[in-house]
């Protein structure tokens, strides 16, 4: 009998993608599937793309239900994971797709999320230096945010190598609308978002800012300051993050690419594009893939690193399955694709 | 060593999807990859979503190159398959995604495609009555057209059961733009197609008309006459086919659904939705899935069957892999997904 | 001082388009602007595209407020217009964009809308034979539905000319999402509709069916029976209606085109495309334009007429302004554009 | 008789929008309409959205043809305007939508465009300080680039007021695909761009960079250095520019907004949004409108100004008509809309 995986918050977009990945996973199987207001409804009424689950209904989310699984994936709104996780058996592996256990700074948590700080779990971005080994021994993992995943993968290696300055990083990213979740707001209606690009939570207000700074500061070995502007793009999925940082003296495009190649050539999911080619999110659609490119601009004195991911793939559910594979001692790539669904 | 599959015409959209499916297939592997004008170019320059093929270049399409494979998939423009296939060893299994070997009527071929008629191969729609057994013993298979796949799956069972009349079938279908191929025409530019629905080849002119009539006439046991209107929808993938036919005396919604359920409940890729739910192409995105629904309307005296597929999945590459599995004696569902990538 | 026009239900998509058209109208000006749940909110909080209305807030919808205008446009949910209109001074011109006053048959009203039948007003489709004269003398006008506008313009002339049979008309139409209104439902979220075509209210269930039959029966001089299938397309605006009907003996493409040309060559907003060109909704975007094309298919024995409009333009607000112009004795085209915003 | 306006390069997207605006202009009328490879073709074969021009064909582009007009609008590929303009009568007013006459620096021209530098014309961004008066007396006007229009409007006032530093400006902008023109490239096919965000010409390589620096340096009274990253968004039209600059000591959000309000409150086309609301391109669709918002972020030490325009409106054709109005002594807003076509 396979390893049973519970999905809490399975009625959301990340939850649906988790179910899709689990259904195709060679070593894992779908265990308890729970939701909040959708509890009691057929799973296919919310996720008609998953006909294999015809006949299954969402259960209510509770520790008792989730504990009946070999691993738990929490895809809950921010602030709901901590209390629930505290009721689960301490040896039960948990990957939290929410933000509750990502930030080390209680002050940052309070400033950007509000409420009580829940402490930190092992940060689940396996491609960061040292992360993979820590994840293999972990029981509780904080799955990174979608934007922070893209920014960390783009800038951590070049900051660690000293090729760019830690101060005054500037990031602008475009996200597909699934990043805003499945709540029915007029501003997220198809009529409003199709044919339109919009900024939101600009001016440094987005809650992913401290998470980016935390990861990049660790990589740089120095405090990173960062301005992050998120924008909403007229597409269901994908993040395109344009990350810029001041060049250290003498940094060239070749040097940036060399460091990124060294970091990612061994990685199955992260691909540095040939020089001159810039990423498009379509290349990562529906997959756990990451594509990136870098260039140094002597005129402005800045490096540009552009990163594309699927916000529901490497930005959420794909990464969670990658982490689950590590926690459970499975092949890290099991059940995950490095090829995008394009066109 | 795995079974090596050649893909001819691999630079097109169906070709790219074939490569993506082969890369993830447990029993098949990518063999020769050939193209026309893209011969010599890196595969990832055309299909950046397939980083696993970094380092591979398109070869030129020739029988000699393709013969170095255990099975050949032809994704060539109409009219190019027949001459090439004739040069391949007769025992080499071939699935032709083009139209060359679909039509039994030379007159229909000449009227809708022009040029010499190449004869017919085994028609590769496994869910049709009797088709699966024929495909298991076949060496050469004509993969159905994208639109005909959706229409045949929707109407063949209800015609065979006598629930609708064979005369005066009316079909209107919307296709994603990948159905129009990767040729660079101004009318297919993103600027022109986004935000716009357009009709084309309307008034009975589309070349898939006789293929639909051929399959449906066989199912009905009587000549089917059909008006087909294709439209281009602002989305990369997907076909939504609205199929209507005159109700036979006494046919009810329940009777239509009963016949479709009997036909498709055992099928892994075809799903009759719960009563009242109508298909959306998103539910089949990137998969080999089919979703359908039917209703009888006494007021107008017509049945409506709506079918959703991914034109590159069940409408082309997915179906070709399903047929390849059958030809090779593999598990029919190997390497194929029944879950759509949604949202 | 200009003619003041009240807009009730101004927070919806049709309401916003009415305001946009009124702001640019040479002879009309925006009078009372009212809404339901948005009463009290700034107009630009709902319609940020109308900066000219910064400083204006929605009033509550009441007869007293609306009566303080020279003409009233009602853009309310179905069933709310009749009671309100009954309270307005009988000489006050009113154009109702809702369905309340369109259907002559109380039985059809009850079957498709439910509730009490409110009776009929002058039907506001000026391009129908005789309609323009009636509208010039009218005080109360029922603005046609979006789908019925497209279908009536496509089929009424050829039915009137006896070129097609009145029985067994089949229509499939695709609509942009603004046709579904501004209510926040999960099924209308951008994440769900982008990249997807979906059927809804299929099988003859859509409430616009009797309105189409009523108009076409009057044109044909015989009862028209019709099966209508609406689909939702991934675009904010536009309707593409594929209308088919059985050919009368001897009808040719030339005959169909001749009749349509005779009907529409004098019309400023309706354009028969050159032979061989089929309509695209983009050509009508943001305008009051209609584009259409027709062909006869002897093989299937059916005529195809494809019609493109902007559902918020000629399908709602544009047509309402055209009707208002007629009611008020203004130039019929005043404030309206025949050119689409494309690409 | 009206003022006749010639449009050269009328087969492109900016050319089509110029024609649409001229057709609706109260004081201008369409004169000679010329094209390159489309010369001889019916205008409606390229621009079916302009049925008013049925019967008109594109002429070939030549000085002799264009001189038969009261004003000439040049919408030609970069590098083709200068030679043509030199052959026109010196008193004939010309607005060049191309880049040929924008840059004062021959070195920048050669570095980013190549070829001989043609010198500068009056820069046509009326909302810049002093620009309007210069345009009223001008005969030859260089219409700004689409991206530079958005960036200049966002940053010029705050640089002029000393609220941000001129060094190290960072801009990331998303453009609709019409900005890439109507040339048929595979990378611009709907299948490739829908559902995808992509970077291009990143790393400081985009040719609009020196134009931005030129305008902003003039505003700042000091050399501005700038890194610009353009991205392609899945929409036909619109630019969303995220402009960031280092805060001068003590600059607050209120100070940024105060300066922008002072600059733009008198302007008919530029709208500072209420605090907390961020721009969306949909609000400017099909219009000459600009929407912007600003905030200071003490944490990162940067200001963010986000600007939305229609790249074919204020970013090209709308601005050209605004400039034509000024050149000809007409009402500056004649024939232009400040309301976007939304949803």
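Think of it as A, B, C and D in the order they're written, each chain with its own count starting at 1.
One rule holds for everything that comes next: a residue touches a chain if its C-beta (ideal position, glycine included) is under 8 Å from a C-beta of that chain, and two chains touch if they have at least 3 such contacts.
Keep in mind the model is a prediction, meaning the values are calculated, not measured.
Among the other chains, the CA centroid farthest from that of subunit B is the one of D.
Across the two interfaces under comparison, B-D and A-B, the one joined by more C-beta contacts turns out to be A-B. Subunit A and subunit B, compared by their mean Cα positions, are separated by 35 Å.
One finds 45 Å separating the Cα centroids of subunit B and subunit D. Looking at subunit B, one finds that residues 13, 178, 182, 189, 191-192, 194-195, 234-237, 280, 282-283, 285, 342-343 touch two or more other chains.
For subunit D in complex with subunit B, the touching residues are 13, 176-178, 180, 182, 184-186, 188-195, 234-236. Per the touch definition, subunit C reaches subunit B in the complex via residues 168, 170, 172, 174, 189, 191-192, 194-200, 202-205, 209, 225-227, 229, 231, 233-238, 240, 242, 244, 246, 253, 278-283, 285, 293-297, 299-302, 304, 306, 308, 342-343. The residues of subunit C lying in touch with subunit D in their complex are 13, 16, 20, 23-24, 42, 44, 47-52, 54, 178, 194-195, 236-237, 271, 273-274, 277, 280, 282-287, 289, 291, 337-343.
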